[in-house]
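Once you scroll down, you'll see the structures, which are given as structure tokens.
Here come two complexes built around chain A, the first alongside chain B, the second alongside chain C.
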Partner chain A sequence: MDHIELSLTQSLDHCIKCNICTSACPVAAVTDAFPGPKYVGPQAQRFRHEGQPVPDASVDYCSGCRVCNQVCPTGVKIAELNARARAQIVAERGLPLRNWLVARAGLVGRMSCGPHAPLLNFGLRLTPARWAVEKVIGIHRKAPLPASSTYTFRAWFRKHRAPTTARRQVAFFHGCATNFYEPHVGKAAIAVLEHNGFEVLLPKQQCCGLPLISNGDFKAATSAHEANVQALVSYARQGIPIVGTSTSCTLTLKEEAPEILALHSEDVQIVAAGTYDIFEFLRSLAERGELKTDFRPIERHLPYHQPCQYRAHRLGSPAMDVLSLIPGLVLEESHAECCGIAGTYGLKQEKYQIGMDVGAKLFDMVKRSGSDLALCDSETCRWQITHATGVASKHPIEILAEAYGLEL
Partner chain B sequence: MNYETIVIGAGLAGMMAALGRAERGERVMVLAKGHGSTHWAAGCLDLFAEADDPLGAINQLVQTRPAHPYALAGVAALEQALARVRGVAEAVGYPLVGNAGRNLLMPTALGALRPTAFVPATMVNGEARQLGDGRPTLIAGLHELRDFFPPLIAANLRAQGYAAEGVYLELPPVERAHDFSPVVVARLFERPAFRAALGRQLAALVRKGGYARIGLPAVLGLYNAVEVVRELQALSGALIFEIPTLPTSVPGMRLFHAFEQALTKAGARLQIGGWVLRGEGSNPHLHAVFSEAAAREQRHLARRWVLATGGVMGGGLRAEHTGVVNETALGLPVRTPSGRSDWFQARFLDEAGHPIFRAGIAVDAQLRPLDAADQIVYTNVAVVGSALADFDPIREGCLEGVALATGFAAGQL
Partner chain C sequence: MRTIETDVLVIGGGATGTGCARDLAMRGIRTILVEKGDLTHGTTGRYHGLLHSGGRYVTKDPQSATECARENVVLRKIMPHCLEDTSGFFVTTPWDDPAYGDVFVKNCRLTGVPVQELSVQAMLRREPLLNPQISRVFEVMDGSADSFLATRSTALSAEEYGAQIWTYHHVVDLVREGDRVTGAVVEDLRNGERIGILCACVLNAAGAWAGKIAAMAGVTVTVLPGKGTMVAMNHRMVNTVVNRCKLPDDGDIIVPIHTVAVIGTTDVHVPDPDVYGIEPDEIQFMLAEGDKLIPGFSQYRALRAWAGVRPLYKDRDVANDRDIPRTFKLLDHAERDGVEGMLSIVGGKWTTYRLMAEESVDALAKRLGNTRPCRTAEEPLPLPPTEHQTTFRPPVRTTGPGASVAAEVEALQHAPLYWLGKHLSEVEHEQSFADLICECEMASRSRVLAAIDAGAKNLDDIRRDVRMGMGPCQGGWCIYRTTALLFERRGEDGLSHANSNDALLHFLQARWKGLVPVLWGDQLRQARLDELIYVGVLGADRLRPIAEQGGGLVTDNPAVATEYVKA
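Moving on, here comes the complex of A and B:
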């Protein structure tokens, strides 16, 4: 029993059966397929033993949004219990092809990104194509798939001319989405960091492994994380902060991979301790009076949704804190638990509608705002919001770059 | 980021303090480990259960027990706090009714009668003096809803001389089949068709049994309960009242929601899931607190702090088997009986109560924490609610009253 398993076993004894988690769970609120975090977490855990068949497969309907952990008054690690329980199911029953595929965001991105992207994007907008994808693979025909980019972020960065005045360095973890689908998010981050006097380094990296973890493929997730740690540890050892724009990637490097996959080497810990979400990083600069505040006013009122995976960092609301420094900009918080997509969850044919129902409160709020733009830190959430509401969405770093008046 | 006040704990005491400070124009954050005391409690306000006239009893108590939190906060703070909390609830269309000068007697989910001073308007028709008017009461529930047994409640009411009968209603057709926690059923009550179907069943029962009022589990909608009660009264032709259920408490969630709205309106921030592990300060100032976060602790800075983490139940105090009681967030000194053997009286139901239940943090008149020598530990910290020493919130039946009075006082200091 590793120390995480021990702490999980002990933490389930902290459960006092108050049902606060189940009352807050956005998935249990909309479907009976998931009986709620208390049942599949601390209660079912007592029936899970090595060498014994899995007592209940409903844990597969946990979206991994971690709202249960957030509201638990006694500190039970419910989401971690669920992630491990799902892996036990995968270990017993194997990984379906669809889950194998959606868990490999990097591979899919690499194949679809490039000059052929427009053609592929066009193809994936065709109803019959999506119908076939649903029938053959099980990705829901309406689920929001991102449009591939014609160039990768890394290719752009290689040609990018950095200012020569930098005093300090950061290492940028772009993740799969920025590299293959949304290079503009990475460009905005680089512009903001350089504007604040940083030289941005681009370590070798691969998928953070989160989609693999949430689909229960722990073997592949472990090799992804080990490769990333190997590539990042020298930066962390030199005290160069590793900064990312994808809140789920940074959470995975900080906590999910070490905790859920039980990886605890010194290198893993050093990388975890040296990784920051970009707004966490910018907020700490602001707290030390080191963030530039030469903002142009942005007279806008925008809806903002903090992704569940960002709240799971347990840092409050760093993007709100930093954007509140921009004169004129007013953000309205969604106060919604989750958008429903939860990475790859809402793409799946049998879970698409659950995801849409989970996100209904958020979609209502975005539509009611009357805004033509919504802000959200996580890529899959942005795609889900735009899919469900028709309202365009941006990463908050893009607004910050705009406020600085930076050319992208 | 640069808060003037950070409140640790999101129960009634903490939210009341935060609201007070935010309404004075301060930048305020509430930092809490999770949802808690509101979601566990009945959603009523207990001021002092042992007397018919709680306010009168409290006026006497502050003379005889100067260390009691009521004495430190003052009766005026309690009265202002009550007005404020009623305003907060009223603002979301959820009035709290009652009288600080006379306790109500409300039926519990066991059919016992429990004294409390203020209840949501959705409960008040179940007050014992009304139940005793000679006309029959129906207690109704659903088989599917756990831990709520109408025949048991009715039998216990009858044993106390109230005419009552218990019945199970038939669950209207819903797509759900498995789990019927209080919150799930509360969400169903927000659907007009669900209410209408149950209303028809209740009307038929009223026609047959001539019931004057109907007690239902306190699950009549999450955010529009007053409307639901009004509608069910119109449909059934009887008065409706809610009876608190086991946790998760829907009336408690409504109260939390009301405060959440008020705090947001006042510009305060809430960080739920931020478990405070330690503080850093040098006497007499607390400079920072650190909360648990992914990969490393999060540091919080503020000028002023309110500790509202609760007692043993809320996690603010932790009793070790060694006989030591710790304050879990800042490591403040805790006043406890001197040794483990002095924790309890010899008799389980001793009328004086057990000394360990009065353990907590001793404070001065401005609610600042004191050490064993009565010296102030931090001048910029106020301690409120059940973390305080020298009272027994459950036995005295004053948990909400003390939370509100001390929370209000800390909001004005």
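Moving on, here comes the complex of A and C:
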């Protein structure tokens, strides 16, 4: 067992039982079904033994939001321990069809994306259809399912005419959501990057694997990550930054997949080191004075939620920092731990209400703001916010593109 | 002074004495057992936790090896709930003589200890953290054993058969009339009452204290207390018992038991079984030996250290202490010293306690004219009230030397073998996670209450029953909770706040003794948090003036205080 691997399993030894994680965990705060991070993480781990049946089930209620990791004073890798424990459960008891499906956003997206999308979206809005989906598959009838797009981001990109004046290159990791559900987010990112003088390359790519990890399907997640590393490593080796708009995809490439799946090859490490969230990237440009600041003022006061997966990058608030350069724009931070959806967590029939309760603080804040628009970097969070509050939501990159006055 | 009469008075509530009481009672012999502390207060409660396969003794002590191998199978059948079928490895590390492997296998065959060689790859698949430089691996039927639970269950069976078990009763004198021992005077440590016990025979099963007991009857029995120190690590880096393949030595074995891995032991002669210390160099030495088996072992979190004393019986004809055999010996003082009415059973190990009891009781029964056979090898032990009646059965071992026995034990359909996930799975099943008193060891309120109701006389007794306070925080969160439950439950029987305070202070002090030798890194940080809880928040340092012994609890009585001192 190598050193990095050991530091994860051994991290349970650092737990001093202080309960800080348990008092911070947004899920434990709203449901009795979840005993909390201290119990399911460093404590339960002492009772698990690979050669024996899995003794516990409650760890499945961990949403993977990583709030616990951030507050733990001794550095216990609680969320990773939990993800692995869940994978043990899946390996032993099998993956329910529902989790298999929601873990494959790409596959579902591919099947529903295209000219038939409006029809499908219409069908899924009907109450009887959603009732059937809940009964048969276990996806809560009210859960925010994204509407499929009539075209994919990649198809758009192929036809897109890039400016010929670019001086530098970046590789764009779009993730499943942008490709199948929200191509406009990708379009905004391309526009902003090109406006700043970048040629955007589009590497071959698959789902980052995060939904597979959080549903405990480590086998499929490992092959997804390995394929992505293979496709991305040549860019990273040439020093071409890999940039993504989905905070959870970039976190997965940087950290989650290597740590949780115990993948530590040189290529994996090079890709991890060469991957950036889009605002992390833009902020570093700004810090070097290389970000264009030809912004039009936007006189608005908007609520902004930094997703838990974004905080897990441990970067401060890059989106807030960059958007603060736009004259007139005032962002009000949510200070909420999590919106509750946690990727696919809040879709599940038994967890939908937990997710809504977890996000209550955020929803209140958005509603109280009186704004008709909220900003958030992560797609599933945006869907959740809109679902819970009726307030439209956008990725901050869309506001930045608007401030640059870019045509999309 | 009140006087009571019985057939046999057993002295010592360790594995041996309790095993004797059960065997006596099952044969219909009236029995009283007296123990100065709680059951397992002596060596039985401070041992390493190994259910011996016999492998450690095949070369130096072949008789012990054979006895262990036989009893290993018997115990699996009668007390599955106390045993974990971990299996065991003997491994040849670069520091061990490579020639011993073949000697070991040959001697295993000679002594009847089942053994099977394994490839190093197969070993690493099962235990990936073991040293990859290990050159040979032999698998044996080692297991781990909960001696608290086993003794508790044995005592329960003895009581069901009519024996009386008196804990916290200290033998202060033996009564000798001419060349005959006719009874004893015992003191009830809860209230100081002295009671006379008249009996046909005294069975001295006082372990390392057997010499002190014999001396009360004017008989010389030389028991050399051999102190052994052990260190428990915070989690199990191996799930198999791992021994070095060499002649038994200090720090050469790691036993995974419950949630911890325990390395041990040392062997140092001490003058008195009640007064000994734990030396920093003992700890350092064992951790360094651990690194040879598991690279990086010393970097893991150590939880606590403790020590026990081996009851090494030195026969009159043994000149050199090194030549003392590890087998047990039954001394009939009538034959040996011309003193009637007393037998002493000395030496041995936990694993062979039942056999020791059988031989002792055979001799006693003959003396009393009782012809009923011993049945302790067939009849399973009952479960104490602190145990869940679990129905889950861990998978039966299908490989290694233990496989055939595992199938046989399974076919008996008794309680299932213990497995690591047991308490967690029960808490999950009952959804009692919001009702945990000791969170680290998953001791729920109902189990703690069961221990109190079963007669615990202080917090340490509860610890032995449900492992309360034995986890990483060493009681940081559960000591005050348990104290509150004790007060709540016993308040009506006269237990006061002051008594409860005393119980809390006593237990904190007892935990602290085991923490001091391992205070660095994570455990130091933990101790600081615990200090903040008890001193900073609860003001435990100012509790002494409002703490008072009594209320049916026994805390700091000198008869049961083990003095850890600098040796």
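Here is the rule we go by: the second predicted complex is superposed on the first by the 403 of 408 C-alpha atoms of A that agree within 3 Å, B and C clash if a C-alpha of one lies under 4 Å from a C-alpha of the other, contacts with A are read in each partner's own complex, and residues count from 1 in each chain.
Keep in mind that, in the parts below, a residue touches a chain if its C-beta (ideal position, glycine included) is under 8 Å from a C-beta of that chain, and two chains touch if they have at least 3 such contacts.
If you're wondering where the values come from, they're calculated on a predicted model, not measured in any experiment.
Judged by the touch definition given at the top, the superposed model places A:10 against chain C, while chain B stays out of reach. By the touch criterion stated above, A:57 is placed in contact with chain C alone, chain B being left untouched. Of the two partner chains placed around the shared chain by superposition, neither chain B nor chain C is touched by A:82.
Contacts of A:45 after superposition on the shared chain: chain C is touched, whereas chain B is not.
Looking at the shared chain after the overlay, A:32 reaches both chain B and chain C.
Shared contact residues of chain A with chain B and chain C: 18, 32, 35, 39, 74. Taken in their complex, chain B has these residues touching chain A: 1-2, 29, 33-36, 39-40, 175-179, 181-184, 187, 247-248, 253, 269, 271-275, 291-296, 298, 301, 314-315.
Residues 18-20, 22-24, 28-29, 32, 35-36, 39, 69-75, 251, 254-255, 272-273, 275, 283, 286-287, 311-317, 321 of chain A are the ones touching chain B in the complex.
Those residues of chain A that touch chain C in the shared complex are 1, 6, 10, 12-18, 32, 35, 38-39, 43-58, 74.
Against chain A, in their complex, chain C makes its touches with residues 126, 128-129, 234-236, 239, 259, 296, 299-301, 392, 394-395, 419-425, 428, 433-434, 436, 439-440, 442, 471-473, 476-477, 522, 525-526, 529.
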